[in-house]
Amino acid sequence: MSRRAIYPGTFDPLTNGHVDIIARACHLFDEVIVAILVNPGKQPMFTVDERVEMLNEELGPRFPRVRIETFEGLLVDYAMKCEAQAIIRGVRSVKDYEYELPMILMNRRLNPLVETVLLVAAEDTSYISSSLIKEVFSLGGTIDGLVPDLIVERMNNKIRAGL
Amino acid sequence: MSRRAIYPGTFDPLTNGHVDIIARACHLFDEVIVAILVNPGKQPMFTVDERVEMLNEELGPRFPRVRIETFEGLLVDYAMKCEAQAIIRGVRSVKDYEYELPMILMNRRLNPLVETVLLVAAEDTSYISSSLIKEVFSLGGTIDGLVPDLIVERMNNKIRAGL
Amino acid sequence: MSRRAIYPGTFDPLTNGHVDIIARACHLFDEVIVAILVNPGKQPMFTVDERVEMLNEELGPRFPRVRIETFEGLLVDYAMKCEAQAIIRGVRSVKDYEYELPMILMNRRLNPLVETVLLVAAEDTSYISSSLIKEVFSLGGTIDGLVPDLIVERMNNKIRAGL
Amino acid sequence: MSRRAIYPGTFDPLTNGHVDIIARACHLFDEVIVAILVNPGKQPMFTVDERVEMLNEELGPRFPRVRIETFEGLLVDYAMKCEAQAIIRGVRSVKDYEYELPMILMNRRLNPLVETVLLVAAEDTSYISSSLIKEVFSLGGTIDGLVPDLIVERMNNKIRAGL
Amino acid sequence: MSRRAIYPGTFDPLTNGHVDIIARACHLFDEVIVAILVNPGKQPMFTVDERVEMLNEELGPRFPRVRIETFEGLLVDYAMKCEAQAIIRGVRSVKDYEYELPMILMNRRLNPLVETVLLVAAEDTSYISSSLIKEVFSLGGTIDGLVPDLIVERMNNKIRAGL
Amino acid sequence: MSRRAIYPGTFDPLTNGHVDIIARACHLFDEVIVAILVNPGKQPMFTVDERVEMLNEELGPRFPRVRIETFEGLLVDYAMKCEAQAIIRGVRSVKDYEYELPMILMNRRLNPLVETVLLVAAEDTSYISSSLIKEVFSLGGTIDGLVPDLIVERMNNKIRAGL
């Protein structure tokens, strides 16, 4: 039987924390769909198209069983459409666990056929989040080693383009 | 590719919380090894042999892809021997998560090829533990619906045998 | 001596989690005032008047000792005006407990005569919140069984009216 | 309607944290039964009889609506026998909340007619526990102001008697 | 060797919780720099200049080894510029600890020479935060004893000026 | 002014987590006393004398400002005797924080002149504890890189001596 999992998120930007969870998920599933949430309400750093392109460029060569997609609407509906058995979520802390819990139970109620799998983040990525990365970057701090090199480059380009 | 997971524990006794996690694990993996830890230091309610027999009787008919085993020594060594990619742990609370975390990270260091997968307990099993079951039972409270009927029967037999 | 408690909230909308806590509170107190916070800063789904009407319709027949009110200003001042001994708060998680704690201690300092009573949510309502209900609903997910039928109907009417 | 609550514990010894919770409970209920758990498995500092006597001496004059009792067996059975609607538990921390949660849900299942009420400890008693009191006392630290004066005296007598 | 620490924050307004942490920090370090974050994105109650003046007036006479400064940009860069070995953070709860953790680890990565020191808030300030103070004040509740008298006066002046 | 801190523990055995905290403490204080608790109630792996010798051998050359001592009785009394301003505690998790909190507040009450300083463990030591090290070691797992090489050697010697 082929096993497929979805790893949903905004990935704005992709961090080494995300990459760590994706590598773990690939170890457990035959196919991992990295699913970018299209959320019109928020002002992102990178457009959805830019994120699709960056994730393909960064993850494609390293993870042949990863597919990059976008989705909107209910995650469990999207999971069913993809014929995925599992939703992957990385947990870095008690706060993450507490944040995920109501959504896991709600998703389970909405569709009991899709199971959420919690994977524990590598300890050296436990403090990395997209929002903290953006904050440090905006204050001029180095983010090398916290996000893939490609992402550092694109974030620098964004700034230069803004000048 | 065939996916195999280990669900370790003492199962003294098996509860409906365990059964819920086993059902979820079967949804995600091709084979689930329920692995009873042989722990000579503790005085259990049921011997390891009794537990193997009870788990086989209870789980065998319902979960054809479950295998009951026993193990001692390092869990990750046992997982390698079984050619399992994953260790399954159920999480009922922040306390569970905090308890599991150091062991997950230690196991990962001992063997990075074995990933721990956290599954969230069904909310109606979130308060069930083997130790609380034994405590309630010893005080004369009903445990019907909290453990499989077979287990209730065996626990009652234990008491009668003790008279 | 007659015991009166206040159960404050926005109830936008009323969920089965709220109803569960109200039923528990009625078991403990002679009168329970469900007090809708009038909060001009937020854009609610239902107006205060709509909420008063819906809560009366839903709770009135089931809980004869419940009274629906609205309040603004300091909760402890309102509690004194109502001659209530207690404020009821439902707790679903560690996060809820941590969120309530500073407000409980602050309210106690503002008025030591009003005690906050924490009631633990039924486990099958532990993941229900008004905001998650609204999010699921807005994405087209079913909320049947998570809020009273009356509320489902009114939420559907809101949408139809919006067309 | 008369409201009765049980405040169970070992009270070995009674601390100012317990007294604080008892005072709060008296504010909410017509009668509060302080119920000393008879636990033959543990080696206490004071015998059950000594504790009954000390609690009567300390609490009797201050709290006319408090009654001191002892109990064994299931707490909810004892609550039913006493015709109590509520079990009172003090919460000092996340750890306390996490510890109480499974027992609250188990007790609710065993008897849905008895509701557990969580009261938040006064912040200046949040670090006081019977076990920490005994540890500090055994190392020669002062416990004045952390337990009632009567308890300090009896603990000192215990030591002198031991010489 | 002279030891210098930074205590960063918005201090909008200064609370007795802040003053408690500052007193503790002065006990441990030769010099404590209270560093007001200049955060143009937020609409504060008091301007940065007003806060500098108020903190100098309140803290100057009581804590001769405290210096009031302002900063923007990365906290660790500012700490280096000040030749400070430590960043002081007060912790009131699990929530505070969880909030601080990623920032501590990120700051450590950005500059391993600056260590974050967590000090536990006095229990009677554990529920005080600038935002809760402002909320209580705006609803007409008393904040006496929760912030220095000088701050109460200035907050009252703000209101009167607004009329 | 010279600043002195105590880092208390059983150090049975010393781990790289302890060494990490000691290094951080040395960055903040002029002198750090590593204080081994003499606890006659517990059966340790290494005697107190062995631990004193091992800590001196391991820490002496690397940390000239560290002194190894033993103590019994109240920690704050010992701290006063040493003329230390601070007690150092490492925090690896919410569980650690919750465990430390009552002891910090109790110690503060017993002696307000001694402040407890919490330092956050390096993320790659966050799962290391003496007890988990001993458990892994006893099951035949490698502890290289988790404790200093000297400790690995001594633990191996213990086993050989036991044969």
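The first chain written gets the first letter, and so on, giving A, B, C, D, E and F; residue counts start at 1 in each chain.
Definition applied: a contact is a pair of C-beta atoms (placed from the backbone, for glycine too) under 8 Å apart; a residue touches a chain by one contact, two chains touch by 3 or more.
Computed from a predicted structure; not experimentally measured.
Among the remaining chains, those touching chain E as well as chain F are A, D. Residue contact pairs shared with E-F exceed half only for one pair among C-D, D-E or A-F, and that pair is C-D.
Chain A and chain C have CA centres that are 35 Å apart.
Between chain B and chain C, the centres computed from C-alpha atoms are 39 Å apart. Chain A and chain D have Cα centroids lying 48 Å from one another. The set of chain E residues touching two or more other chains comprises 94, 98, 101, 104-105, 123, 126-127. Shown are all chain pairs that touch, namely A-B, A-C, A-E, A-F, B-C, B-D, B-F, C-D, C-E, D-E, D-F, E-F.
Residues of chain C touching chain D in their complex: 1, 3, 24, 27-30, 85-86, 91, 94, 97-98, 101, 104-105, 108, 113, 115-120, 122-123. For chain A in complex with chain E, the touching residues are 92-95, 126-129, 132, 136, 139-142, 146. Taken in their complex, chain C has these residues touching chain B: 94, 123-124, 126-127. Interface of chain E with chain A (complex): residues 73-74, 76-77, 94, 98-99, 101-106, 109-110.
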